[in-house]
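Before anything else, here is the set of structures, which you'll find just below.
First subunit A sits with subunit B, and in the next complex the same chain sits with subunit C.
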Partner chain A sequence: MATADTTKVVEADDAVSAPVRALQIGRDYGIGGFFFLLLLIFSLASPTFLSGPNLLGILTAASVVSLFALAEALVVIAGAIDLSVVPIAALVGVIVALSLNAGIPVWLAVLIGLGVGFLCGLLNASVIEFMNMSSLIATLATLTTLTGVVLLITNGKPIFGVTALAPLGQGRTLGVQNPILVMIATYALVGIVMSQTKFGNRLLAVGGNAEAARRAGVRRRFYVFAPFVACGVISAGAGIVVLGRLGSAQPTFANSILFDAITAVALAGVLLSGGRGSILKVLLGSLIVATIANGLVLLRVSSFWTYVTTGLLLAVAVWADGAVSRAIERTSLSTEHRKEAARA
Partner chain B sequence: MDRDKKRRAALAVISGTVLVSVLTGCANSGGTTSVNKGTIGFITLNQTQEIFISQTKAAQQWADKNSYKLLVGDPNNDPLTQANIIDGWIDSKQVDALLIGPVDEKALLPSLDKANTAKIPTIVSSGLDKPQNDHQGVLVVDWNLFGRNAGEALAGCINERFGGTAKIVILDGPELPGDIVTGRINGELQKIKELSPKSTVVAQQNGQGKRLPSLDIMAALLLANPDITAVTGTNDDSMIGVANAFKAAGKDPSKMCIVGLDATEEGLALVKSGEFYATVDLQPIQQILDGLKLLNDMKAGSVAADARRIVVDTKIVKATS
Partner chain C sequence: MLEARELSKSYGAVKALDTVSFRAVGGEVIAIVGDNGAGKSTLLKVLSGAITHDTGQLRVGGELVDFRSPHDAEQVGIEAVYQDLALVNTLDVGSNIFLGREIPRKGMAGRIGLIDRRAMRREGREALRDLLGVEFPTMRRTVEMLSGGQRQAVAIVRSASRLEQRGRGVILLDEPTAALGVAQRQRVGMLIKRLASKGHLVVIVSHDLPTVFELASRIFVMRLGRLVTELHANDSDLSTLVGLITGAIEPTDITKVVADDDATASSDINRSSRGTK
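Then we have the complex of A and B:
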């Protein structure tokens, strides 16, 4: 009798958990599938698309956006948002350029730049934590303030003729552009920290439910500061890469960069309310954004379509992620009910 | 808890001090003078691009020298914000004169009517062909001519370096209302067709007027069409991205045809170094100084309609210029 009962429960388990598993697979690997679909479509439409130089070109173009997306993802996983990543990068670019022009060695100038990013992240977290502001408003204020500070420092003019960082931005190692290597190294480092350390687990826990994490003994305040500081440092890294690529420090960046970064994060299925996110998928999200831009240029499609496509993707990604998550929740609940019924 | 309160109080004091210092600094930097001839409301497209910041700086220096106070507005490329700022200045009687670089001249017509009703001398820099009323002066900037100059320079370069045949890329954008960007692009296309008929425009993409997106777009285009040799577009900034893309593709920009617009400091340096074949100078500082001088004359007394129309000169700047 006991055996029969157990079999019933196991059968019920298998029957109802299959759809859950299918949905989870869809959520976990859907972005990868979509990326390969894009590659397939563009490679059929343009003979140049799948060429080695073009693929490296996509990766180079993605390198800056992906760093911003990574910075943003860490904050979003923690249940917040940072709108100031782009002006932080602009400020760092300008400070590093001025340092280099003042004769400071490259390594020290880069260190100063990363330090400025660290301080900007610290400032954002302090305002949020000690002034009880929402991250949206606090970083909106930082965005505006830093934009003004950069314009005041530069008088609105780019600082050009900065060649010391050209090897970083324009050089190659084993045939691969160095910005790509910076991107890979940064993602590998953050990926390991997020998946292999307690820090990653606790950051996810605080993002998912800060109060529950605090009760479990997690130092909540540290996990408010850490992602913003990391975000500031990674944004600073992006600013240094841009400085290297262009050989000049820009007081303002193109408006589309922040939007592209947030789109990449949303495409990656990082829960915008915090608590869930995969670093590898953020990289894939960034590659998707860069691939669409590149593919449409190769096909000579009006760039206005890039806006349309990216905007629609953002909406569809967030909607699909929510729909799949709700379906998983419903199906899981139904599984529990069936298990209970089987046990009864 | 007490510690939190103390921290918050300390933050409030620091924030207050910073705010007061900033405001005091701003008030001092306004350049108050003993004899104030009035306040000029000065508003261009934005206060984030090099060209407009330089204009504002020149206007501030002129105002300080001529005993005016300058009130600067930043519409951030938005026509509605620009209209709101100007309406606010007029309604609250904050300005005695206006110098406006319209984001969209058509969207600004009600505000210009309001300035006329209030009898406020107003200079409109670009967008209008002639003064619409007795209190208005215009700086006539022909954006199409500006673009035609760029097109002429590009065609000249193609004829000189490539025997009159080239694959051309146009990088347009950012998306602004009015004629500022479309005028340039249409002018370029017109002159290219006229002076280099054997050349083909293989792509027209949005470089957003910025060098980083222009660099990425150009890098992709060079892979699909390695024989692209000529590029122009909206401004110097996007062409700097193009020059970098040529370099990244292992090509020497000084052997290509790159023509910028705006004659920024960096653009002029690239013309000198040979990376740009040319840039087109709109003389942005001179046009603002001419406009302010006209405004001063209009404030002093009536100026004939003909004299209230100044045509802004544009010129092609080459390394040999």
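Then we have the complex of A and C:
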């Protein structure tokens, strides 16, 4: 009897929440729809857009941005932000280039590079955790410091003649550029870790509500460190891919890479308050950012407009995500009130 | 099996806990009552490791313990349902119930950390049905989409199902039925009785005094961070309890009742309550 009553209440709740479901679907699939729309618009506007070489070009352009976006996404899921991903990559590029030029074998140089990324992440997390700083300020400090360190090491000049990584940066496997394969492999690995493992589940929990996760017996501190360390390692990987592509280590990267990465993460609806995130959507977000840049070039729009578009996109993405979330909350609250009224 | 000695905890000038001592054994249901801000939740949080006390001692099964986190308390079999529920709104029901105890996949996949989400949803659904009689149509729904009562059910089931996996333990329930309907309240009552009959210690904080009388064998009254007295549910009544909570009756007015108590526990309490004057 009692059980029957409950069942009814819960079912009724489900029936009324149809508008909530609609909003959720919008939130969950909106980005896919947007990407499709973008492809449609550009293919109508430019005959060469949908050609094989151009699409591969978009993917290649996306491969580096998407690695930074993935690194950033892990930190954002955990409820923080990392502004230092680009200088970490620059530092790693320089160190790997110097190691290779000093005759260190490729595998070891790559390992050293990833290790440097690991340490940078560890440093960021330590400052945040032990000096009680916000991630924004801590990683801003890292951003500035590392930029200076790289300039000091290189004297502001690129390191040329790094050929050992050319196969990674410029080679192809089965006709597909290797950076694209690196992107796919990294996304597949991180995607599985985040959706299928204990680690992913707990990281999402800590990002969503750190205190609740702690009270459920999760070792919170580990999950504060892990995303920054993973972010450092993936950024290092991006730096190594860039080194391979250019054949030289650049002391400074364009600032726009960080903006692009954060925009991709925002497009993916990985709320900047943490606890949510689909790795596949981060990839879609990166592809959108790369597609817009590519499409505008094809349409002979000044590259300055790319900045304007990406900036507006970031604002609209975050606004839309917030608006939909608030609408969901409002709708489910009003549903609850209605239910309460019905009970009384 | 659970013994507190002179536990104190201050928040700035506020003494949220003031030399609280008590002792309780497995199989008992004890209740903690008191007005808003009396320190009930603070006491429960200290017992569950969610916060650390400033001074005093805590023993579990005779062993001195020093909880640094809820993880430590869980290791010795203490589970808690918090007043604010402490659920992760962005995770689904199954993930919340099994957070920190995710069910591994079978074989090699489980050993490298892969979890069985389907099993977590299935077992979560069964636990909700078996323990509280609550049916969830979809376990994929994130907790933020649940009603207050459904959230409370999830929080209770999470702790109770963890406790049931142990031989003996302690469950701390802070206002477990505040958001529940009539039928679910009864189910929680049944659950509490069953857990106690299996030898677990149940500590319940509630403002629902008739239920407290029905479930608990002993009732601790807190006022301004102090555990002012202890009543046996059998030889006391609602009006006495209300008087004690509000301060209309002083514990010294009813020392006769307390004098019948277990010697150590009540003498501690008497000493501390006299200390106030």
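The rule is short, and it goes like this: the second predicted complex is superposed on the first by the 321 of 344 C-alpha atoms of A that agree within 3 Å, B and C clash if a C-alpha of one lies under 4 Å from a C-alpha of the other, contacts with A are read in each partner's own complex, and residues count from 1 in each chain.
The rule is short, and it goes like this: a contact is a pair of C-beta atoms (placed from the backbone, for glycine too) under 8 Å apart; a residue touches a chain by one contact, two chains touch by 3 or more.
These numbers come from a predicted model, not from an experiment.
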Which of subunit B and subunit C A:Arg300 touches, first, second, both or neither: first
Touched partner set for A:Phe160, first subunit B, second subunit C, both or neither: first
Touching partner for A:Ala254 - first (subunit B), second (subunit C), both, neither: first
Which of subunit B and subunit C A:Asp28 touches, first, second, both or neither: neither
A:Lys198 touches, of subunit B and subunit C: first, second, both or neither? second
First, second, both or neither for A:Val242, with subunit B first and subunit C second: first
Interface residues of subunit A shared between complexes with subunit B and subunit C: none
Touching residues (chain side subunit C, partner subunit A) in the complex: 48, 50, 69-71, 74, 80, 82, 86-91, 95-96, 99-102, 104, 113-115, 117, 129, 133-138, 144-145, 147-148, 150, 158, 181, 183-184, 186-187
Residue ranges of subunit B in contact with subunit A within the complex: 4, 7-8, 11, 47-50, 52-54, 57, 173-174, 202-203, 205-206, 208, 210-213, 215-217, 219-221, 223-224, 237, 240-241, 244, 247-248, 264-266, 269
Residue numbers on subunit A that touch subunit C, as the complex places them: 2-3, 5-7, 9-11, 13-14, 17, 20, 196-199, 201-202, 204-205, 207-209, 211-220, 274-276, 328-329, 332, 336, 339
Subunit B-facing residues of subunit A, complex: 46, 48, 51, 53-54, 57, 60-61, 64, 130-131, 147, 151, 155-158, 160-161, 170, 242, 245-248, 250-257, 293-294, 297-298, 300, 302-304, 306
